[in-house]
């Protein structure tokens, strides 16, 4: 595994736990953790159970005894590592978004295409059982012809103007703000559930707080009142509409400024025969509306997605016992390992990741075009 | 009262009930009901308690013993009646939307400006206590500087392609579809709660079902399988983004195609210090988030807006006893009558109604401009 | 109508509104309002639209032009008035609980039995469409054999120890506290929905705050800090278990001390094939669970009980438009008038009211028996 | 660890994961798994990561290199194993309920008292962050003087009369039914949050389905229509009221027959200043009502218990990322290991477990006393 931030903890948990609950066709070994800082990498490896450490990712790619490379670094380094790993014949799991630029994403998809190893991008929310079951329902025809998609991903950690200027708020490192970090999940989930691709967008990006306190020694300590400030160069709100290739129309919002909303990834899909409604903050449930029910019994059914018949659930606990955030990473390992073992292309592929990048890129181009706005005073 | 459809029943209930629960400064008398069809108007008058009937609205405007004209006809006739009534010195309450065209709305606002009588447009959802209290909270500064507005009005009565082609689906009579019928409420409520006006929009209109069964003798009876069909000439989905004059950014959706959603007018406003969240389907509650609460106690409070200290509530039942849809019409009568009695301009004024029309008109112009869309395959 | 407290306002609204929304077989005339204090009665009559007033209920009973007597006085006077009215050949609608004592209730039921007039007791929550529909579902067999009932009625207006000592807290006037005021509703609704009668109970009554400030001149004004206090002589919490004659087991709670709960009358009935779940604070919805659904689609459906096919709803607004508390009183008038017009016995009858009283009386006897308790340290 | 059923999987996950997220003062080693059947024990050990296996628990107790014994067998064997382990100087973690009989529970508490090792009983729901935070709030005085407790634990896996007759439905093996399995959790959680002990109870036990299909070779295969049936000898519903030593009154329900409810452990505690409301099916949230809020802002706040300031949460994910069922077992390991390392008595102690058993025993004695019931027809 290359990288050891927040995502490193989640991926490690996935690798460690998957073989304990699922009968995997191959047993993962947590061989090598790579990070730039030797001491911190060593500490992370000890905490998360990796056997060895390195400070250069090329060491991982060069080793013959390593079959799988898991990339959890910031997006700017994804392309270089992934392409090298694929060229070295490794299987690659890469955190989302696939890359910070469309060019890089295209290079990655090209590298994956025809590579000996399998490549998958880490849109883990597909692996929440309720999201996976939403797709099953929709693809089975349970809601008929798909018409509307309403997808929002709402967080609020930037509401406070004193929240510091981390790398996530700088365009060079992060590529974009709420759009790439949160919007990417909403777009992937919407395309996953509907089975339709977005072909056109119209949107706007906004930054409410333009300067924030710098972090680190150069800027003094937080809370001293003497901090220097630096410019926020990414969006904290992205709004866009979309057209899908199957005829559906979508409304999307990704924001770090929705006061009071902590992690509300909500996707509702309405069709000619019914609707499904997913909310990550109620991740063990799925709302399902059957328009064919008798008139007196119409309503959204709050399905607790914890029956053994639901996706992934037979491996876990009895009905009614909840899963949490990191279970998606365990399911991701299961799906990735099984696809490799069976010689199948895992999903979402790098091509799927590229498609999401194209949507995000389209939103950026649309947002740069001020002529999309019409004044109410004509 | 001119007109006697669904809105006529609601307004009649408002006129009848208001003096029973509120101490009004003037006592309404339900003198005259006007409708085109004498027999049906007579039946409605008997049912709803109007003393007399007429078939020509000019009769109402001409009578000296009538002080107030309440207009509940379809939008196409609003301007002519309202302007005549105002010129005759009457006070005028006019259902929303103010008019079907911007020109008519401007004529109405001009007539109201300087008229002897008072003029009010019927955005009754302002009078839901929870919506009114949301405005109070926001205007008191409880959520700080306003940043985001998310407003949707979701219905699903057009999901069935066999739903008939009523006047509401014809542009000549209705002006627009979901946009004017539902979007107007969302826009008014958003502007009311924030105290900000929308200055620019970017949006799209969509019609999913393009032909529907004709009603009436020409088309045969419903369900015979031999119906003629006619074209739907209005939108069944309107999506738009907005900029407010105070710096807020808004996302709006109005739809008659959101399968499973019956009357979901939801407005959430997020600010630098908190947020409010209103849902008409839970109309006796308001969500309120105070970002200044201790870290361990953060969360949306589900305020039951039934305390005597809440707007309008001291007139009604003890705490915890619910109000319903038509109470808004009773509150509207209260507010209208008191404004007249005190010589104040009631709100929302015709100028407020005109402002909403300008927003809707802007959305229509924006939607007609295909260049607002960006393709994801560049 | 005899009496003009809070219930008088609700009943008046029912009488006034019912003929405006329902096609009644007979038209109610609001002829005479009776109250002890002439001035206050006159004011109430003017406000609520009663034509005449009297200070002695015997005047109402004696008049030939009065066909219906509606009793909304405190429970202590129900029996005398109702029996006299029935003996005079009137139809009688009597607020719940039927009486303060079992003897009185039995006398009333006896008087109703064989009287020329019809007699009904006012358990209006039966007339909330969702509650009425719950009964329909259960009686249709949709949940199979009934096993469990969980019914609570939670309020919190006595949490504050400075809430004053009104007549409702004095056994002489009120009969009992939470038990008779709230528990009676829970018992009636449980028996109504299940169609089963409670045959045995085991319970406890509790009073948390034993003294409260006196009201009125003798005690000084509220908030002066010098109030006299008097003893609370009724329960503020009633808990009991029940056995139903059809084999179901029930759990009941009635409380004025459930901090934060304002008017939470909740009844859940579980059967061999499904369950229904009602909550008065979400009165336009009903939860329904169909145990026969496919394993992946199991869950409570949140039915919005606003379709024209639902009880009472065709008279009101389009789908998704909410009703409130007082609509139950309008429905009560409809049902009462129609039963009279058709010569049917309206429900709930005085016999039904007596049955509820027997349950409450059983709880009081059980609660007086300390030997029902078992110590955990044996 | 002794035993390897469903609880074995959960405990194994706790032992494996705790050192990865918490900085433990001692590192657990998963040395030995004990089960009666050698092959199945070996398979479980391999799956869950235990190094060695044995078929006799005495082997574990006898080994010097084992410091901690974790008992996850059915209740009937708890006492023998735990007492032996404590006498051998081991630290003991024992699943709930402590024992099937009061005598055994008392022997275990006596053994723990004065033993060199520490002993803890596994009421893991205390370790759900929202439950733990509920206790913190209540013990901090946030809801004032505690008055009412309403605790239910609702499941529905016995609704189907064809659900088989497992050991959990046989008194010899299981001790009791819903009472001990579910009621024990409700009692422990109620006592934990309130800090009060139950001193008296009044209750009833019920069995709705008296015979069920036998499992295993003697009875033929499930679904053949020729199954033999055997008697269910435990309750499937337990209802009881309680008195707490601090003056609170409680209402409890434990059921496996609440159709549609899968794992609904709900505890609401109402006090003079506020209330807390916990629901295991919404385990990442806690409802909190502050009666001291301004009148217009009263309501339950839906606190998402995922801030780093909440119990256990700083070890996990960012705000808004959910935990699941098995996290309680990880927290349990953390608390147990830290108590051992610091030489403290962990909680809940065997004495706490014994106290819960006394409550359950009291309910059984109360339920056996038919004279607690009062007939409604006197």
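Labels A, B, C and D are assigned to the chains in the order they are written; within every chain, residues are numbered from 1.
Operating definition for what follows: a residue touches a chain if its C-beta (ideal position, glycine included) is under 8 Å from a C-beta of that chain, and two chains touch if they have at least 3 such contacts.
Here the structure is a predicted model, which means the values were calculated and not measured.
K.L.:
Among C-D, A-C or A-D, which pair gives essentially the same interface as A-B, with more than half of the residue-number contact pairs in common?
P.N.:
More than half of the contact pairs of A-B reappear in C-D.
K.L.:
Which pair wins on C-beta contacts, B-C or C-D?
P.N.:
Answer by contact count: C-D.
K.L.:
Compute the distance, rounded to whole Å, between the mean C-alpha positions of chain B and chain C.
P.N.:
36
K.L.:
When the centre of a chain is set as the mean of its C-alpha atoms, what distance in Å lies between chain B and chain D?
P.N.:
53
K.L.:
Please compute the C-alpha centroid of chain C, do the same for chain D, then give the distance between them in whole Å.
P.N.:
39
K.L.:
Among the residues of chain B, which are close enough to touch at least two other chains?
P.N.:
In chain B, residues 298-300, 304 touch at least two other chains, as defined above.
K.L.:
Enumerate the contact residues on chain C facing chain A in the complex.
P.N.:
Listed in rising order, the residues of chain C that touch chain A are 133, 285, 288, 293, 295-304, 307-310.
K.L.:
Enumerate the contact residues on chain A facing chain B in the complex.
P.N.:
143, 147-148, 150, 152, 156, 159-161, 198-204, 206, 208, 237, 239, 241, 243, 249, 251, 253, 255, 257-261, 268, 270-275, 277, 289, 291, 298-300, 355, 358-359, 361-363, 365-366, 369, 371-378
K.L.:
Mind listing the chain D positions that touch chain A in their complex?
P.N.:
For chain D paired with chain A, touching residues are 6, 9-10, 12-13, 16-17, 20-21, 47-49, 155, 157, 262-264, 280-284, 304, 306, 317-327.
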